[in-house]
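Chain naming follows the written order as A, B and C, and within any one chain the residues start at number 1.
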Amino acid sequence: MDTSTHQPVQQSVAERLDPHTATTPLGDWVRELCDAPDGGNLLSMTINVIIIIIAICAFSSLTAMVLVWMERKLAGRFQRRLGPTRTGPFGLLQTAADGLKLFLKEGFRPNASDPFTYYLAPLLPLTGAFMVLAVIPFGPSMWIADPELGLIFISAIAGLGVLALLIGSWGSNNKYSLMGGLRAGAQAISYEVSLILCFLLIVLASGETNLLNIVEGQQGNFWNWWIIKLPGAGFIAFIFFIITSTAELNRTPFDTTEAESELTGGFHTEYSGIAFSMFFLAEYVHMFIAAAIGATLFLGGYNAPFEFLPDGWWWLMAKSYAIIFLYIWFRWTFPRLRIDQLMALEWKFLLPLSLINLVFAGILIAMGWIL
Amino acid sequence: MFFDFVPLIAAVSDVTSATQNKTLETAMDTTGPIISENVHHFLPLTILVCLALLVPVSMLLISWFAGKYARVNRDLSDQSKEKHEPFECGIQTAATVGQADERFSVKFYIIGMLFLVFDLEVAFLYPFVIRFKYAEGWDLLWVLLAFLVLLEAGYLYLFRKGALDWEKEV
Amino acid sequence: MTLPTALWTDIALGSLACIILLSESLLGPRLRKAIVFHGAWIGLVLIGILTVCTAPESEQAIGNYLIRPWTIPFRLCFCIAGALSVLLSRNLLSGTGHTHRRGLLVSGGVHIFLIICSTLGMFVVTGAQDLITFLVGIELATIPLYVQAAMLRDDFSSEASAKYLIIGSLSTAFTVFGISYLYGAGNSVHFDTLAQTLTADKHFAWVGVIFVLAGIGFKLSAAPFHMWAPDIYDGAPPPVTAYIASSSKAAGLAGLILLVYGPFQQLGADLENIFMFLAIISMTIGNLGALRQKRFNRFMAWSSVAQIGFVLMALTGGDLAIPSIAFYLLVYIIGNFIAFFVVNCLASNRPETFSNMRGLSKQSPLLALCLLISMFSLAGIPPLGGFFGKFELFLAAAQPGHEHFYLILFAAINAVVSLYYYMIVVKDIYITEPTHADNSTCPAIAILPSQRLTLVVLVIAIIVLGVWPAAHSWIFTLAGS
């Protein structure tokens, strides 16, 4: 096979848009402060990277707080209530107050639990969340890292979340926790297969695993987004993505993991104070990440829906929040599935249909039937 | 100097990516996009991993100190025996109380095995799928179909044997 | 994209496996039984014919998959062993109205499917052109056997499967470890590159070679890697035992030849010493072990260890080694299967000990005669195929440039020893009178028509291979002598 003709063409995109070579005022100041031996190139890059990382981490933590507020507010509206109103304007500071309260709680661990695994578990989901955030392109030059195998990186790191639930539930040494953890494990690994098949469909269509290149490939008007560009297959894959990501996030109707009425909270039964709030925070960061990945893959990422509008991070935010609204809507609309229904849905319905959809998309591309 | 480690990481990433390329080239036909040699892609991730571990750990530690001095009846809580027991909904029967490291249903093992099979299938699909757009027409589609038919034969077998039923007695 | 003609056998085998699995899962019970059983053995026979028909004149390659002319007789061996193994499992399949002392196979369809999978793995081994494909082939050939060994619902079967799994994993670990060293020493996993870069002065290379040989030695059950064999032969279901004894060995040998004449070809003289050592140890230990056995399957296990010793002796020789091993394997497989067919008939209602075989000549003259011919062939008595097989092995070891006369002398002594224990079996079935206790537990022996027919065909084949020179030279031509 002749390799030269098959090389991806968008290789130069990364260099064109690389944020790390750009300088920031803060970076210039730090560079003056410490005189780097190598002429400042790697050093400036490092400083820029650190600034971007801190910005994005802070942003995502803020997002999580906003999301909690949004969920409570929307839940109130769905149930003809007002939701939080007292703390701050429209109750916006309610989450911050809750967070502060949890911060000041006693660091407490049951006697029967295993200290190492008990404290390791809350660390992992946040770590995983921050690492996945690194590869999401927020804007034309707003991202932390740009690995060629971005999607594979995401599917690899996504496994950290379920690992945390398993470790935490085992380390708590509580029967409710263990049941919740096992269910979480079974559910997460089951739905991961379908989720990755949704990713594969986009890789198939775009020939890329690099997220930035995938976004750049959807430039132009909104019919260049993969959800529309692949007639039928893209839309089905998007629906499957919403379903499987809801399950991966352990959100209702797939929240047998927590199942308050059966397991009193599932894997985090024994967690309190900051450890509990770290699980809680990671859950909402993950929700944002899932929505952002969906927006990036299917809805054109930071691209504007029309050519004459400027591209930028605000489009990604708008699309992500639209998907998040869907997640919240699901949560307050659907009843919880039983675990056998959950497994049947994945193994007997989503998995075969995802594969058929993949082949369908393959035929579409082989025949050239894309918009 | 704190920043001395940066060139070191750069050197290490360079060496590893170079050897990876060489290995791939000699071992098999490299037609797909391979890990770039560019240090740009690894340095941010390296820093990020450190920070991503640092932030949660510091959160735990800060709360530990803050919580320690904020709590009111510290002495009482330390002496309270019930507080440190596993949460059991207050049900005090022999069936519920006690250690949680018991045997659990074999169903979870079956799900685990199914996951291994199908996740590997998906992992093997990646190379096909990455090259798909750059291949001529139906060439790779036939390969993809042959691969999927072989696997779906196994899937059908599992389906008929009831391995995918959660409730079936095994 | 055009496929080489010789590759069609591999594709056909894969499709056959797929069809068997699909019909097992989709068809109704009656149709399923017919299609799975008859489809499998007829398919395997047809693929065997296809293998011979599409035998390439020269090497045909697709990517890193290379079909070599000399592997054709080995592939034929795999097909024959697979088909015979399917036929042998007839009285262990449910729904055929038969009963067996040890119960029926848990899932006959899966058992047959796994036989075909394993055969496909052996095909992949012979087609490998790099170490990774080689490893994948070996694993595909052996992993189904771990499952198959557990197919009966008794403790022996489970024990055999567990032991086989552990030993097999260990040997795979050895192989992979060795492969990593070979890669380090040779800077490639491709056979052609390794053939140039692996030289005898590289110590790393030798570590790799030893570990890979140890790994394959486990598969071959060559001494000193033979300890698993007797337990697993005794515990596994009869068709699986026969398959492990024949096809698995053949695949291991094909892989060994592939390595010796491929990547290891510059190591020549020192490799010969290793094989000589393995051959001597295997012959001696196998023979000594077989002398004192009381159960037939354990006896066959020890005897196979000894037989592998003879084959390894031929590997110290030159060009004649490949065709002589191919011919020997064909004869060995047929001889083995005759014995296992007979014992399977006996074992359906009694434990397969020698004492239970006394008086067989009176109970069933046909079975007794078949077992006699099988034992004579395995021992190497002149008119039968086994004699010429062993003769060729000796000849290969005595080729100009490789005159290992001491080794041959040692092997000849061992052949005489082996004659003793094979004759003990014959004595038990023909001469020794059964005691009252033996006889009272022995109901009449039922032979299925299909198995009777197979036995007759096999006996004719083994005689033809011995007395008809054309058959002999045909195999040699196939192996590219």
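In this text, a residue touches a chain if its C-beta (ideal position, glycine included) is under 8 Å from a C-beta of that chain, and two chains touch if they have at least 3 such contacts.
What you are looking at is a predicted structure, and each value in this text was computed from that prediction instead of being measured.
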| item | value |
| --- | --- |
| Relative to subunit A, chain with the most remote C-alpha centre | C |
| Chain nearest the global centroid, as defined over all protein CA atoms shown | B |
| Centre-to-centre distance between subunit B and subunit A (centres being mean Cα positions), rounded to whole Å | 14 |
| Centre-to-centre distance between subunit C and subunit A (centres being mean Cα positions), rounded to whole Å | 53 |
| Whole-Å separation of chain centres (CA-atom averages), subunit B against subunit C | 41 |
| Multi-chain contact residues (two or more partners), subunit B | 29, 159 |
| Complex contact set, residues of subunit C against subunit B | 1, 14, 18, 21-22, 24-26, 63-64, 130, 132, 187-190, 193 |
| Interface residues, subunit A side, partner subunit B - complex | 1, 3, 5-6, 8, 14, 18, 20, 34, 36, 38, 42-43, 45-46, 49-50, 52-54, 57, 102-108, 110-113, 119, 122-123, 126-127, 130-131, 134, 144-149, 152, 170, 172-179, 182, 185-186, 189-190, 192-193, 196-197, 200, 203-210, 264, 269-270, 273-275, 278, 339-340, 343-344, 347-348, 351-352, 355, 358-359, 362-363, 365-366 |
| Touch list for subunit B against partner subunit C, complex | 26-29, 139, 149-150, 153-154, 156-157, 159-161 |
| Complex contacts: residues of subunit B adjacent to subunit A | 1-3, 6-7, 10, 29-31, 33-36, 39-45, 47-49, 51-53, 55-57, 59-60, 62-64, 66-68, 70-71, 77, 83-89, 96, 99-102, 104, 107-108, 111-112, 114-115, 118-119, 122, 125-126, 129-135, 137-138, 141, 144-145, 148, 152, 155, 159, 164-167 |
